[in-house]
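Two complexes come next, and they have one chain in common, chain A, joined by chain B in the first and chain C in the second.
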Partner chain A sequence: MSIRRQTTRAAELESLPRFRETIDAACQLQPGIDEQTRYDLKLAVDEACTNIITHGYAGMNPGSIILALDVDALRVVMTITDFGHAFEPAEAPMPDVQAALDDRPMGGFGLFFIYQTMDEARYETTEDGNCLTLVRRLHPAKEE
Partner chain B sequence: MMEITAKLLGQTTVVSIAGSVDALTAGQVTRFLSSRVGEGQTHIVADLSQVDFISSAGLRAILIALKESRQQGGDLRLAAAQPRVENILKMAGVTSILQVYLTQDEAVASFGS
Partner chain C sequence: MDVFRHLRVKRQPDKIVPDSRGLSAEQLAQDSSWPITLRQVNSLPENAGKRIYRALIPPDLLARFGIDPVTWKGPNGDQPVRLRMDPQVGAVYLLVRQAASSSDNFLRLELADNVFNGIDLHLLVIHNPNGPRFDTDYDETGRPTLFGTARRNLAEEERAMQAGLAPAQVRVGLRASELVLRHLEAFLATLGHRAYFLEPLTYASAWVFERRGFAYVRGHKLMGDIHTEFQPGGRLYQALDGSTPFRQREQWRTVRGRAWAIHDGILSVLGQMWNGLRMVKQVGRHAGVETFPDAEY
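Let's turn to the complex of A and B:
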């Protein structure tokens, strides 16, 4: 059985709780998704959407963000589409999580959390918008 | 949704946060904690027992308050974080730069008040 949910919201911070609710609703329909996985899914989407809202649409009229979820017994695939400025994830610096407080930047954890919690993160920009695809496997294969 | 309240226990300010601390609500947390520090309440325990979600924006709010309290000779300590919130703190390496306690009472006692 596969579950698909899609929601389109304005690119504003008030939409963040709504995206998390959509993830909760989809996860409730799929048995076996534990609380930690559900949290990780919400965190990754929250971070991605926050970046879009605060940077992607900077200097533009706020547009929309489309979140689509495809959930089955093996994995959750989340695609986040926006129509703002393109973003190059590979160019974003990763925070030093070992740094002392005085040497530590106050931000920059968003992308780090996405990479830490998701099994795959792919970003592409086309004439149809920017699309971030996040994949979380529900039963990860054992390491060989 | 997020609620934040404070109470004074001796010289220690216990700030209880409830709900989600995301980019929508983190600014409110930062302003609340900054105003406490500005009033000289620099020994702060942030009780996270009712926080069910925190993102990097919430983490940033905690780090800003930590820095401000230490600059004024105080400290900010965390108490009673739920396991998934604690995971976030660990992932970001925050637990190595501030003190985390299992209960509010332990965190308050750590200030000696």
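Let's turn to the complex of A and C:
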């Protein structure tokens, strides 16, 4: 059985704790989701929403961010929808995490964290907003 | 994993469908999820357009006033429903009166293609034609107030407020916005659209649209700030100082009270104005926004 939770908040940093609470609330209803997984889910949402807040809604009175979670025994699917400026796919490389601190560019690590902690990430912009879908598998072995 | 590897904001969003002036049977036979613009519908012969736009008005709302939902004829055989669909313009106007001779439309709905070929709801007015009228739409010299945005008729506004109306209303509502918006959404889904947009005229209308499932493209934070500052001790609460009939202390408690104070310009204490808000309704999804929890209207 799938558990669905959704919360819609203003795109401001003060909303991040509410998104974390929603993740916790959904995970509590699904047995077997460990602390590390919850931490990863919250980190990924924190990073994605921070990007939306600081870049997507830059220069405008911030609109909404909708976080929806679908949790079942096999996976957690999180969709983050916003209505600000869309992001553009680009060919720039991921930040070099091996580089010396002084040589690293500012920023870009939020995406790195997302890629490190999630099994899938999809981004699309359509008429009804920008939607980032993040998937974390809970028991990958069972799916094979 | 192939998402975006680098954050770069897209400054020029794409149109959801390319511009097209006409609508052919071949286009309709293509992928049915491909959105159709109002401009394309308006390019059809008038009766074909009427068949399509008829779905915008809830039949039971028309029946309530004895208007035939198919022919749009009134009980006296008159035509109280007017449809305007300009083939040169991507906009449609639906005006419904109790009788063709009535002075006011009780339903006025205006939709338009936006610059991305999505849909904007420009105007939705639904009021009870049998309720008392308040002439807030014209000033003392007879000039239109444009819903109180260009000029104001303070005496009529005060009477309207005392009678329980919200800013920009000339009569009490018909309690039919949920029904009308449900039909509008079904209509837009038929055309292949996934969302529609609007700019709320007043705080009260923004609150109503929140309850109908809308989220904010712009202004969610402002609505949150307004709620915070109307709490006792907040800057908007302090500005409810009785200096005008629209700034009485108890108004912080209700949606309408706040709406009248905002209409009266109280947001200036925050360095803000009521403009630039934009809302979006995703077809089939209720966003669950509630910027004034447990509100009393």
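The working rule: the second predicted complex is superposed on the first by the 135 of 144 C-alpha atoms of A that agree within 3 Å, B and C clash if a C-alpha of one lies under 4 Å from a C-alpha of the other, contacts with A are read in each partner's own complex, and residues count from 1 in each chain.
Rule of thumb we're sticking to: contacts are C-beta pairs under 8 Å (C-beta built on N, C-alpha and C of every residue); 3 or more make two chains touch, one makes a residue touch a chain.
On a predicted model such as this, the values are computed, not experimentally measured, just so you know.
*Asks:* Quick one: on chain A, after the overlay, do chain B and chain C clash, or do they fit? Just give me the call.
*Replies:* fit
*Asks:* Report the partner of chain A that touches more of its residues: chain B or chain C.
*Replies:* C
*Asks:* Kindly classify A:61 by the partners it touches after superposition: chain B alone (first), chain C alone (second), both, or neither?
*Replies:* The answer is second: A:61 touches chain C but not chain B.
*Asks:* Regarding the shared-chain residue A:10, is it in contact with chain B (first), chain C (second), both, or neither?
*Replies:* second
*Asks:* Which holds for A:113: it touches chain B only (first), chain C only (second), both, or neither?
*Replies:* first
*Asks:* Touch test for A:50: chain B only (first), chain C only (second), both, or neither?
*Replies:* first
*Asks:* Applying the document's definition of touch, where does A:123 land relative to chain B and chain C: first, second, both, or neither?
*Replies:* second
*Asks:* Name the contact category of A:28: first (chain B only), second (chain C only), both, or neither.
*Replies:* Once the two structures are laid over each other on A, A:28 reaches no partner at all.
*Asks:* Touch check for A:36: first (chain B), second (chain C), both, or neither?
*Replies:* A:36 contacts chain B only, not chain C.
*Asks:* Chain B to chain C: minimum CA distance in the overlay, Å?
*Replies:* 14
*Asks:* Considering each complex separately, which residues of chain A are in contact with chain B in the first and with chain C in the second?
*Replies:* Overlap of chain B and chain C footprints on chain A: residues 107-108.
*Asks:* Could you list, by residue number, the parts of chain A that touch chain B in their complex?
*Replies:* 13-14, 16-17, 20, 35-36, 39, 42-43, 46-47, 50, 53-54, 95, 97-102, 104, 106-110, 112-113, 116
*Asks:* Name, in rising order, each residue of chain B that touches chain A in their complex.
*Replies:* Per the touch definition, chain B meets chain A at residues 1, 20, 22-24, 53, 55-57, 59-60, 63-64, 66-67, 70, 84, 87-88, 91-93, 96-98.
*Asks:* Which residues of chain C touch chain A in their complex?
*Replies:* Residue list for chain C touching chain A: 1-11, 13-14, 16, 35, 116, 118, 193-195, 215-224, 276-278, 280, 282-283, 287-289.
*Asks:* Which stretch or stretches of chain A touch chain C in the complex?
*Replies:* These residues of chain A touch chain C: 6-12, 51, 55-56, 58, 60-64, 66, 81, 83-94, 107-108, 111, 115, 118, 120-123, 125-129, 132.
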